[in-house]
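The same chain A turns up in both complexes below, where it pairs with chain B and then with chain C.
Presenting the complex of A and B:
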C-alpha cells in the first residue's frame, strides 16, 4: 500500500492540489461524494432549516427563524394535549416490541443457519433474502391479502371448521406483525454474520473444560455475537421508527405513528415546518445509530467471513 | 471432543428441529409473497382453497391497461439509469475506499455508507423539500438522482466486500511490471472485482425496480408501478393489483436468484 501511494504522490506532488482530485483515489470517490453532498446532506440540512421557518419556504435570515413548531410539539407532549405524546408513545412502543420480537425469533434461526444447517443452506438463504428485494408495498399488500376477511388465511382455517374469529386487520398487533416481518432480515443477517466467525474448536474446548450448554451460550455465543445483536437492534429500531406503509395498510389509520404523522403534516395539511420539526427527532436518532453501526462494522471482517460460508 | 455421548436418534431429532425452525422462519418470510401469487391467479371474490378458480385474466388485464403500461415505462426509465450510474459511482467509491489509503478515509466511509441506514421516509421527505428549494423539481430526473443516493452506497458496500478479498499487493505488482494507471484499473483491478460489480449492479436494479418511498416523494405526477400499486391499495381491493404486484415480484425473484446462484457458482469454483 505504501509504495502504491508513493507511485501516485510522485505524479501529484508537482501539481496543484486541485489536479490531484483528477487522480485516483480522489477521482473515484468524487462522483459519489458530490452526489451525497448535493442530494443527501442538502436534504437533511433542509429538514433542519425548515423546522425553524414560519412558512413553506426557507429564509436564511436568523431574525425570521422561530422555535414555535418545537414548542407546539414539546408542550403538546408534556401537557398531553393534541396527539404528539400519544403518537410518540405509539411509535416507540411499536419499535421497541418490533426490536424485541425480531431479536427473539432471529437469534435461533441465525444460529441454526450459521452452525447447524448444511444441506439446502442456499435455498434457505434465498428464501430469507428475497423479501429484502421486494417492494415494501408489495409485501405489506401480501399480508393484507393473507389476513383480510375472505382472504387466504380465512380459506385455510375454514378447512378446519374455524369460521368465526376476531378480525385480524387494522389492529395494533397487525402493525407489529408488519414491522417485524419487514425488518427481521436486518436483525437476522448481522447476527448470522457474527455467529459465522466462531470456530467449532471454541465449543469443543469449552465442552472439554466441562461447560454446559447454558454456560457456553452465556460465555461464548452471546459475547461473540454481541456486535451482531447491537447492529441488528439499532437497525430494526431506527427503521421501524420510520415505518409508514405498515401502519397505513395493515393499521388502516387506527394507530398513528410518527412517520404517518409526519407524512400527514407534509401531504394533507401542507405544513412543512411542523412536519420537519417532527422529522428532526427521527433524523437525530438515525444519525447517532447510523454512526454507531458504521463504527462497529468492520468491512474487512465481513469480507473474510464471506469466504467461510 | 464432547465427552457426553448422545444416541443417534436424539442427535437426528435435534438436527431436525433446527431445520424445522429455519423452515418455519423461511415460510414466514415468503408467506405474503405466496399469498400475492395465489391471489393473482384467482378468479372470484371470496378465496377458496378447495374450489380454486384459476385464471390468467388479471395478468391479461394488467398487460393491456394503458395506465399500468405507462407506470411500467416510468419504472424502467428510472431503474435503468439508476442501475448504470450507481454501479459506476458505487464501484468507484469502493475502489477508492478499499484499494487506497488517503486522509479522512474513515470520514469518507461514514458519509458514503450512512444513507443505507436512513429510513427511506426521512430521505424522501428531505429530498422532496430540497428539490423544491434548489429548483430541481419533480419528475423522472429528480427520482433518478434521489434513488442514486440510497442505492450507490449499497453498491459500494457490496463491491467493497469483494474488493477487500483481493490480495492487497496486486497493484504494486502491476506497477512493478510497468502498468500505467489506465491499464492498472481496466486490466487488473476491475477484472478481479468483476463478481462484486455484477452482483452490485443486479441488486441496484432490483432495489430501484422496487423502490417506493423515494419515488413517491420525487416523481411528481409521473406514476411508477410501486406508486400505482400504493394508490390502488389505499382505495380498496381491485383484483388486478395482485397481478401487477406479482409481475414486479417475478422480475425481482429471477434476478435475485440469478445473482445468488452466480455468486455461489464462483465461490464453488474458487474452493
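Presenting the complex of A and C:
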C-alpha cells in the first residue's frame, strides 16, 4: 500500500520535478528553506571562507588564501604544544559525561512520567519546562552565585563550621554540572515521548507471555525507547560540544571548551580567521558525532512509526 | 475446568462485572457475548490476570488462581489490537514466550506458523510491523500458543478485519480448538461469531450473565426480550397471554391482528412476542397466523433478500421483514402501500421482559 502510494505520487510529479517544488505541499517548505539558506548555509560559507584568510577581512582572491590557521591548530595538537588538543579532549569528555549523566537522571523520570504518574503529571512537566523559559545565562550565573567563595554554599556550610574546603568553582566537573542541568530537558523529552508512544497492551502482552521485570526492561522497554535515547543523546552531546556560557561562567577562564575558545579568539584576541578555523573543526567533530549516533538508528522507521499505528 | 464464582469488579460506584459465575469445561470453546460496555472485556482481563477482581474467585482445575500474576498464570490472551512487539520479527515474537518460560527453541516457530496457516519461509523473518491485519492476527495467535497455555483467551481479535477474513478465521479458530483440545474463551459483541464457533455461550448484559448454554438453545429459546433482540434482527410485539402452561400459550395483542396459540418453554406469563425479520413476509392480504398492518416506508434490495421497512401510526412502532427476492417479486408492493407484515405461529417466540 505504502509503495503503491509512493509510486503513484512519483508518477504524477515526474513530468517536472522542479516545478513540483513550487506547488503545495513543497511550497509550504519554501519560507523555511529560504530562511535556513540565509541563516545557516550563508554563515557556514562565511566561516569557512574566513578560516582561510590572513586577516580580519574577507578576500575572494584564492591567491590570498592560506591554510596557516589549520596548520597551527593541527600541528599544535600533533606536537602536543598549544592548547587545541587539550581543549578538544576536554570538550569531548565534558560532552560524553554530560550525555551519560543526563541519561541516568532522565530515564527513570521519563519512565515514571510517561507510564506511571497520573496525578500531578502536569505539575512535574511544568517543573521541567519552566526553567527553559529563563535565559541560560541567568541560570548558570545562579549556579555560580551558589558555588562561588562567599556565596550561598559557603554560608550554608559555614553554619556547620566548615570553612576550609576545596573550591567548587572553575573545575571541569563544575562545567559538567552546568551542562547536565541545562541540557537535561533535551534528553528527557525525547525519551519521554518514545516511552509515551509504546502501547499499554505491549507490556500486558509481555507479562501475559511470562516476561519478568528484567526481561520486560531488556527486551521491551529498552529497545522500544532506544530511538528516544539516541535522539536525546545526539541533542545533549552536540549541544554540550558547543557549550560556551557554562564554560565561561563556571569554568571561569581556567577550563576551556572549544566553544569558549572560539569565543575567545573572536573576542579577546580579535583573530577571526583562527576562530573560524576552530569553528570549522568543531563543526566537523559535531558532524562526525552526529553521523555515528544517527547510524545506530533508522530515522525512517521512527518517522513511519507514528503513522503506522 | 475453569470456574469463576461470584466474580465482581467495581470501579468506585460503578459495577463493571456483577457477581458473574462461569463454568467452562476443558477443551470447550466458550464465548462471552454482549453489547459494548456490558463488562465482557473486564471479565476477560480478570481471567487473564491483568485486573484484580474486587471479590470472587477464579479456579482452574481445582487451583485458586484469582490473584496469580499474568506471568504465572497458564492463560494467554490474544489482544484485540494483537499487541505484537513492533521491534521484533515474527520469529522473535513467537520465540518470546518460549524463552521466558525457559524452554529450548527448536523448530516450534515453523510448526506454529504452519498451524496458523502462515508460510514460515515467507513470513518468519519479516518485521512484525510489515504484516497485514490478518497476518498479524495469525502471528498473535501463534505467539499465544507458543506460551503453551491451558486456556487461550481471545478479546475480539477479529473485530478489525474485513468480513470475508473474519468468516474464514472464525472457522479456523473453531478447527484449532478441536485440533489442540485447548480451552478457548472468546469475547465478542458479534452474535454471528458466537454462533459459528462456540460450544457454550454466556450472554452478558450490564455486568451479569443473563443466559448460559449452547448457542442453538439460546437462539431458539431466549430467556428474555433483551436476548431475543440481541440474538438477531427481530420484531418485538407486546402481548397478552392466557392459558400459559403445558408448552403453549394463547396470545393476543393490540399491535397485531388475530390471536392464536404459540409454543413456549415458559411457565411464567410471557409479555412479548418476538419474530425474526426473515420469518416475516409483507403482503396486501393477511394469510398467515398473525399480522400487523403497516405502512410501507422503505424497500431495500440486499442481494438475494429484500428488506421491507414498515410502520404503524396507531402503535407508533417500526417493523421489518426480510423476504427472499423471488417471493418479493411475486408480490405487488411499493413504498407508500398499506399491507400486512405477517408470520406463522410456529415462528413466534414468547419471552418475558
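Following the convention adopted for this analysis, the second predicted complex is superposed on the first by the 230 of 309 C-alpha atoms of A that agree within 3 Å, B and C clash if a C-alpha of one lies under 4 Å from a C-alpha of the other, contacts with A are read in each partner's own complex, and residues count from 1 in each chain.
Rule of thumb we're sticking to: a residue touches a chain if its C-beta (ideal position, glycine included) is under 8 Å from a C-beta of that chain, and two chains touch if they have at least 3 such contacts.
What you are looking at is a predicted structure, and each value in this text was computed from that prediction instead of being measured.
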After lining up the shared chain so the two structures overlap, which partner does A:224 touch, if you call chain B first and chain C second: first, second, both or neither? second
Tell me which partner A:286 touches in the superposition: chain B (first), chain C (second), both or neither. first
Does the superposition put A:207 against chain B (first), chain C (second), both, or neither? both
Given the touch rule stated above, what does A:199 touch, chain B (first), chain C (second), both, or neither? second
Just checking: does A:83 make contact with chain B only, chain C only, both, or neither of them? Give me first, second, both or neither. neither
Go through the superposed model and pick first if A:19 touches only chain B, second if only chain C, both, or neither. neither
So, A:241: does it touch chain B (first), chain C (second), both, or neither? first
Please determine whether it is chain B or chain C that touches the greater number of chain A residues. B
Output the chain A positions appearing in both contact lists, the one against chain B and the one against chain C. 204, 207-208
Residues of chain A defined as touching chain C within the complex: 199, 201-202, 204-212, 215, 219-220, 223-224, 305, 308
Residue set of chain B touching chain A in the complex reads 1-4, 15, 18-19, 21-23, 25-26, 28-36, 38-39, 45-50, 88-90, 92-93, 95-102, 108-115, 117-123, 125-130, 133-134, 145-146, 148-149, 152-153, 156-157, 160-162, 164-165, 168, 171-172, 175, 181, 185, 203, 206-207, 210-213, 226, 229-230, 233-234, 237, 241-242, 245, 248-249, 252-253, 255-257, 260, 264, 267
Sites on chain C touched by chain A in the complex: 48-50, 69-71, 75-77, 79, 81, 83-87, 96-97, 100-101, 129, 143-144, 146-147
Within the complex, chain B is touched by chain A residues 1, 3-5, 7, 23-33, 35-36, 38-44, 46-47, 50, 57-58, 105-106, 108-109, 112-113, 116-117, 122, 124-131, 133-146, 148, 150-152, 154-156, 158-159, 181, 184-185, 188, 204, 207-208, 235, 238-239, 241-245, 248-249, 259, 262-263, 266, 272, 275-276, 279, 282-283, 286-287, 289-291, 293-294, 299-300, 302-304, 306-307, 309
